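The two complexes that follow have chain A in common; it is paired with chain B in the first and with chain C in the second.
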Partner chain A sequence: MGAILKEYRYTPAKIVRGYSGKSLYINVSDLRIEEKTITEFMKEKFTGGKGFDLWYLWNAVIPETRWDSPENEIVMSVGPLGGITQYSGTGKTLVASISPLTDIPIDSNAGGYFGPLLKFSGWDAFELQGKAEKEIIIFIDGNNGLIEIKEAEEYPEDSHVLAEQLTREYADDENDMVNVSVVCTGSAAKHGFMGMLNFSFYDPRRQTVRFKQAARGGLGTILCDKKIKALVVKYKGVTPNLNNAADLATINKVGVKYHKEMHDLDSKQNKMRQIGTANTVMIMSQYDLLPTRNFQTGGDPEVVKIAPEVFINEWLTQGLHDGCWYGCTMSCAKCADHFLLTSGPYAGERVTVDGPEYECVAGLGANLGIFDPQAILEENFYCDTYGIDLISFATCTAFIMECRQRGQITQEQMGGLDLRFGNKDAVLELLHLMSRGEGFGRLAGLGIRKLKKIFVEEFGADADLLEDIGMEVKGLEYAEYAHKESLAQQGGFALATKGPQHDEAWLIFMDMVNKQIPTFEDKANALYYFPMFRTWFGLVGLCKLPWNDIVPADNHKTSEPAKVPEHVQNYVDIYNAVTGEDIDKDELILQSERVYQFQRVFSVRMGKGERKDDYAPYRSLGPVSREEYLSRQDLYDKQLSELQGLDPEVIDLDEKIAKLRAYREDQYEQLMDAVYRRRGWTMNGIPTPERLREIGMDLPMLLEVVEPKL
Partner chain B sequence: MIRLNTEDYPWKSGMTVRSLLDEKVFTFRHIIVRVNGEYVPEEEYETQLIQDGDDVIVLHLMAGG
Partner chain C sequence: MKILTHKQELCNGCLDCEVACSQTYYKTSDRNYSAIRIIENNKTYRARKCTQCGECINMCTAHAIYRDHNGVVRIDKKKCVGCLGCVGFCSELVMFYADDQEVPFKCIACNVCSKACPTGALEILISQVKER
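This part shows the complex of A and B:
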C-alpha cells in the first residue's frame, strides 16, 4: 500500500555507553537523507535528549522562522539513559520544534517505544525538515539498516486506526508487533494549532495498540504541515544492555532497590499502579487546587463523581502490567478496556481508552464543569485519536465557556454550539467539528491567544476581561492546577520557558501548605533548583514520575524530603553507570542549566523570552470576579487586613478586589525580580554573559543574541 | 496558640495530631509530621497530644505533575 518514494540503506551504529554517536536527518521536501555525527561538543554542552533537539533546531531555523516555515524542524531524541530496562521510566522520547501556539521552541515528551527503538536502530536523534509534496510515511528498520519513504494518502487519519494498521503492516506476525512503534497524529491536527503526537506501543495482553503523547505546543499540527502521516520504527531484539553501559552491575543494583520500593510502598503512597496520575484528583479538590469552571474555583462537591475510586472500581482494568516501556514497575499507564463510544464517527465501537491521567480528569472534567467519568473517557479517547492536546483543548474550551457565561460570546457566534459549563454533548460535538475542520471547531483549535483577538475584534468582547480570564502565557494554555494562592507556582507556570506547563516546577504544597519557602529568595531558589532538576529528565530520556510519585520509606529523615535525595542519588549513579562519567548531584544541575539557559536565549532569539513575555493573566494571581472573591471571602478579607493593613468592613467588594489585585500584582513583580536574579538574568529576563560564562555556555552564537539586549 | 507550618494557629485542649489534621482537612496521605522537631509516626497520630505553644510541622510530600 503506497508507492515507495525513497530507500536508504545504512549500517546501524553500535551504542556505546548510552550513545550511538549518530543522528538521522531527513528533508521531506527533496527526500534527502543524511547521517550526522554526535560530537563531543554536543555531549558536553547538551548531554542528549531535549538538549540535542534544541541544538539541532537552533541550527535549522532563523529568527523569522515560524511553525510552518519549511526550515522548521521536528527533532526527537531519547537521551543516553533512554532504553535501559532495569529502572522505571526509561523510555521517554523528547521532541522539540517551533510552536504554532507560541512561535518559540516547544519541547514535549512521550513514553511509548519509539525513542528507545529509534536509538537501538542506531540513531541518538532524528531531525525532520522541509515539507513533502504528498502525504508520506517514513519507516526505519533498525535490524536491516533500511529507511523507506512511501506515499501515504490511502491511509486513515485517526491515530487508533492508523497506528493499528501500520503496526500490523510492518510486523512480521502477531509476535513481532511489540517491535513496531508509530508516531502519528489525527484528523483535527491539521485544522488547528493544538495538534499533538501519539507515540505507540503494542500491548500484547490486550492485543491492541496503545499511546502516550508528546502533547504540548502543536507538534502534531507541524507534522501535518510537513505532510508526514506517520513515522514507523521497527527493532527486534531488545535486551537489558543494548546501551552497552559502563557498569551494568550498578544499574541492576539500583534498579532492584527501586523496584522493591515500588512493590512495598505504592499501595501506601500514591497508588500509581492502580490509577496512575489521576490519584490526586480528590486531593486537589480538597486543597482548593482542582481547576473548576475555567480556574474560577479550586474544587467542587461534585468531584466525588470523578474520584479515583470511581475510575478504579468501575472503569479501569486492574492487575495488568501497564508500563509504557520495558522494566517500568510504576506501571501507571492505565486504561479503560472495551469502552463503548456513544458519539462521533466511531459511535457504537468498543475501544481501549488510554488514561485518564490527572490532567484529563481535571481539564476535561472539573475545568469544564463535567463530573461524569464516562463523558471524560469519551473526550479522552477522541482527543487522542483526533490528535488534540487535551490540556490546551480543555483550558481553551473552559475559556470559551466562561466567555459565554459572562456574555462575551453568544451561542449564535459559536455556530449554534451550546458550549456552557457542564454540557458534555457540546464538548464532544466541538471535538468532532475540530476533527472535520468545520464551524466553530476551526476557531476553537486556534488556542486562547488567537481567540481573544477574534472575540474582541469580531464579536465586540471586553479585551481587559478576556486578558484576565484567558489562561495562557506566551500563547500556550495552562496545565490543570488552580494556583491563585501560591505565588511560587504563579511563577512556576508563567516563568516557565516554553509556557505554563507544570513540568518545570510544581511548588504549590511547598509554598501554600507547607510554608517552606516564605521569602522571595526562598521561592526564587525553588524556582531555580526544581526547573533545573526537572530539565535533566528531558536530557537523559527519563520519566519524572518515578522520582517523587513514590519515595523511600525513610525519606522523611532526610534534610530535604521534597527533593527525594535518595532518588537523586539513584539518578547520579545510573548516569555514571551508563556513561562511565563521574558526575555528582551538582554537576547534574549544571548539565541542566546549560540547556535551560540555552532554551531561554533561543526564545529571546525568536522574539520572546523577555520580561514582557513572563506575565500571567490575573486569573492566575487572584480573584477576577465578584463570585471568585466571595467564594473565599474570609481568606481574602484576612489578607487585606493582615498584609495590607486595610479594614475590609469599610471597603466595598469592587474596591476589595482592586486592592487585592494591586497587592498581588506587585508581589508577582517582586517574585520576577528575585527569580531573574537567581537565574542570572537581567531585570528584563535576559541571561547575562557572566552567567553564561560561569556555566560554560558563553558560545558566540548565544552572546550575539543577548548582548544587544543588555 | 501553636505554630503550624510557621504560622500561628489556635490551640484547643485535647488536640492530637489526628484532630489537627482533620480540622485542617489535611487529607493527603503522604505527609510527615514533626512536633517540636520530633518526627511523629502515623500510628501515633491518634495519641500524640499537642500542647499549647508547640511548634508543629506538617510536610506534604508532593512536588507534583
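This part shows the complex of A and C:
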C-alpha cells in the first residue's frame, strides 16, 4: 500500500559506549537523506538526547522561523543511556521543535520503543526538515540498513488504527510485532496547535499496540504540517548490551538493587505498579493541589469518585507487565482493556485505553468538574487517538468553561456547544469537533493565549480577567497542579524554559508542606538544582519517575531526602558504566546546566526568554475571584494578618483580595530576582557571558544573542 | 511439577551440589555460577533454590519466562533482554545472575546436583506446589 518514493541504503553504525556516532537527516521537501557524524564537541557540550535535539534545531532555524516554516525541524534523540535494559525507565525519546503554541523551542519526551530501536538501527538522533508535497510514511529498517519513504494518503489518520495497521504491515509475523514502533498523531492535530506525537510499543500479552506520548507544545501539529503521517522503525534482536557499555557488571548490580527496592517498597510507597501516576489524586485533593474547575480550587468532595481505588478495582487490568520499555519494573503505564466507547466515530467498539495517568484524571476530570471515571477514560482515549495533548486540552477547556461561567462567552459563541463544568458530553463532542475541524472545535485547539485575544477582540470579553484566569505562560498551558500556596512552585512553573510543565521542578511538598525551603535563597537554590537535575534525564534518555516515585527505605535519614541521594548516585554509576567516563554528581549538574542555559539563550534568540515572559497569571499566585477567596477565607485572612499586619475584620472582601494580590505579586517579583541571580542571569532573565564562560558555554553563537541584551 | 527438594537433616554442607551445577552450566567451580546455594547457620544447612512458584513469569518485561511441560519455570535465553527484573523481584532470592553473564539463571530441576549429592539430601520430586 502506497507507492515507494525513495529508498536509501546505509550501513548501521555499531554502538560504542552508548553512542552510534551517527545521526540521520531527512528533508521531506526533496526527500534528501543524509548521514551526519556526532562530533566530540556535541558530546562534550550537549551529552545527547534533548541536548543533541536543541543543537541541531539551533543550526536549522533563524530567529524569524515559526512552527510552520519549512526550515523548522522535528528532532528526536534517545541519549547515551537510552536502550539499556537493566534499570527502570531507560527508553525515553526526547523530541524538540519550534512550537506553534510558544514560538520557542519545545521539548517533550515519550516512552515507547521508537527511540531505543532507532539507536539500535544506528542513529543517535533523527532530524526531519522541510514539508512533503503529499502525505508520506518514513520507514527505517535497522536490521537491513534500509530507509524507505512512501506515499501515505490511503492510510487512516487516528493513531490507534494507523499504528496497529503499520505495525502489522511491517512485522513479519505476530512474534515480530514487538520489534516495530510507530510515531504518529491523529485527525485533530491539524485543526489546532496542540497536536501531540504518539510513540507506540506492541504489548504481546494484550495483543495490542499501545502508546506513550511526546505531548507538549504541538509536536503533532508540526508533523502534520510537514505531511508526515508516520515514522516507523523496525529492529529485531534487542539483547542485553547493544549499547556496548564499558562496564556491564556495574549496570547489572545497580539495576538489581533498584529492582529489589521496587519489589520490596512500591506497595508501601506509591503503588506505581498498581495504579501508576494517578496514585496521587486523593493526596493532591487533600492538600488542595488538585486543580478543580480551572484551578479555582484545589480539590472537591466528589473526588472520591475518581480515586485510585476506583480505577484499580473497576477499570484497570492488573498483574501484567506495564512498562513502556524493557526492564522497567516501575511499570506505571496502566490499561483499561475492552473499554466500550459510547461516543464519536468509534462508538460501540471495545478498545484498550492506555492510562489514565495523573494528568489525565486531574485535567480531564477535576479541572473540568467531571468526576466520572468512565467519562475520563473515554476522553483519555479520544485525546490519544486524535493526537491531542490532553494537558493543553484540559487546561484550555477549563479556561473556556470558566469564561462561560463568568459570562465572558456565550453558548451561541461556542456554536451551541454547552461547555460548562461537569458536562462530559459537551467535552467529548468538542473532541470530535476538533477531530473533524468543525465549529468551535477549530477555535478550541488554538490554545489559551490565542483564545484570550479572540474572546476579547471578537466577543468583547474582559481582557484583564482573561489574563488572570488563563492558565498559560509563554503560550503553553499549565500542567495539572494547583499551587497557589507554594511560591517556589509558582516559579517552578512560570520560570520553566519551555513553558509551565512540571518536568523542571515539583517543589510543592518541599515548600508548602514540609517547609524545607523558607527563604528566597532556599527557594532559588531549589529552582536551580532541581531544574538542572531533571534536565539530565532528557540528556541521557531516561524517565524521571524511577528517581523519586520510589525511594530507598532509609532515604529519610539522608541529609537531603528530596534529592534522593542514593538514586542520584545510581545515575552517576550507570552513566559512567555505559560511557566509560568518570563523572560525579556535580559534573552531572554541569552537563545539564550547559543545555539548560543553551535552551534559555535559544528562547531569547527566538524572541521570548526575558523577564516579561516569565510572569504567571494571577490564578497561579492567588485567589482571583471572591468565591476563591471565600473558599479558603481563614487561610487568606490569617496571611493578611500575619504577613501584612492587616486586620481582616475591618477590610471588605474586594480590598482583602487586592491587598493579598499586591503582597503575592511582590513576593513573586522577589522570587524571580533570587532565581535569576542563582541561575547566573541578569535581572532581565538573560544568561550572562560570565556564567556561560564558567560552564564552558561561551560559544560565539550564544554570546551574539545575549550581549545585545545586557 | 518437577521440583528440587532439600532435606536439611541429611545435608553435610559439602557443596558438591553447587560445584556440579556451576560446572555443568558454566564450566567453573565458582559458586556464583550455581543455581543452588547452600547456606550454613550453626552447622545446619539450608538450600536456596527455585521453588518453581512462577512469580517471575508475569513480571518479565520481555515475556521470556515460561513454565515448560514438566511445570518447570524456564528462561528463554533468546528472548531474554537481561533486564534482571526477575532477580530483584524473586521473593525467594533464587533467581541468580553473574557479573560476566548478560542473562540470569535459575534451578531447572535438572537432577545434576542431586546425582552429585553424597548424602541423598537433594531429590527431584513431582510435586503439587502452589503456583503464584
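Operating definition for what follows: the second predicted complex is superposed on the first by the 710 of 710 C-alpha atoms of A that agree within 3 Å, B and C clash if a C-alpha of one lies under 4 Å from a C-alpha of the other, contacts with A are read in each partner's own complex, and residues count from 1 in each chain.
In this text, a residue touches a chain if its C-beta (ideal position, glycine included) is under 8 Å from a C-beta of that chain, and two chains touch if they have at least 3 such contacts.
All values reported here derive from a predicted model rather than from experimental measurement.
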Which of chain B and chain C A:Leu643 touches, first, second, both or neither: neither
Touching partner for A:Leu630 - first (chain B), second (chain C), both, neither: neither
First, second, both or neither for A:Met683, with chain B first and chain C second: neither
Partner chain(s) touched by A:Pro518 [first = chain B, second = chain C, both, neither]: first
Which superposed partner A:His259 touches (first chain B, second chain C, both, neither): second
Which superposed partner A:Met701 touches (first chain B, second chain C, both, neither): neither
Contacts of A:Ile4 with chain B and chain C, given as first, second, both or neither: neither
Partner chain(s) touched by A:Pro561 [first = chain B, second = chain C, both, neither]: first
First, second, both or neither for A:Ala658, with chain B first and chain C second: neither
Residue ranges of chain C in contact with chain A within the complex: 58-63, 80-85, 87-89, 91, 97, 99-100, 102-103
Residues of chain A touching chain C in the complex: 85-86, 204-205, 238-241, 248-249, 252-253, 255-263, 319-321, 323, 326-329, 331
Chain A contact footprint on chain B (complex, rising order): 5-7, 25-30, 32, 39, 57-65
Chain B contact footprint on chain A (complex, rising order): 268-270, 277, 280, 282-283, 286-287, 358-359, 479, 481, 502-503, 506-510, 513-516, 518, 530, 548, 551, 555-557, 561-562, 564
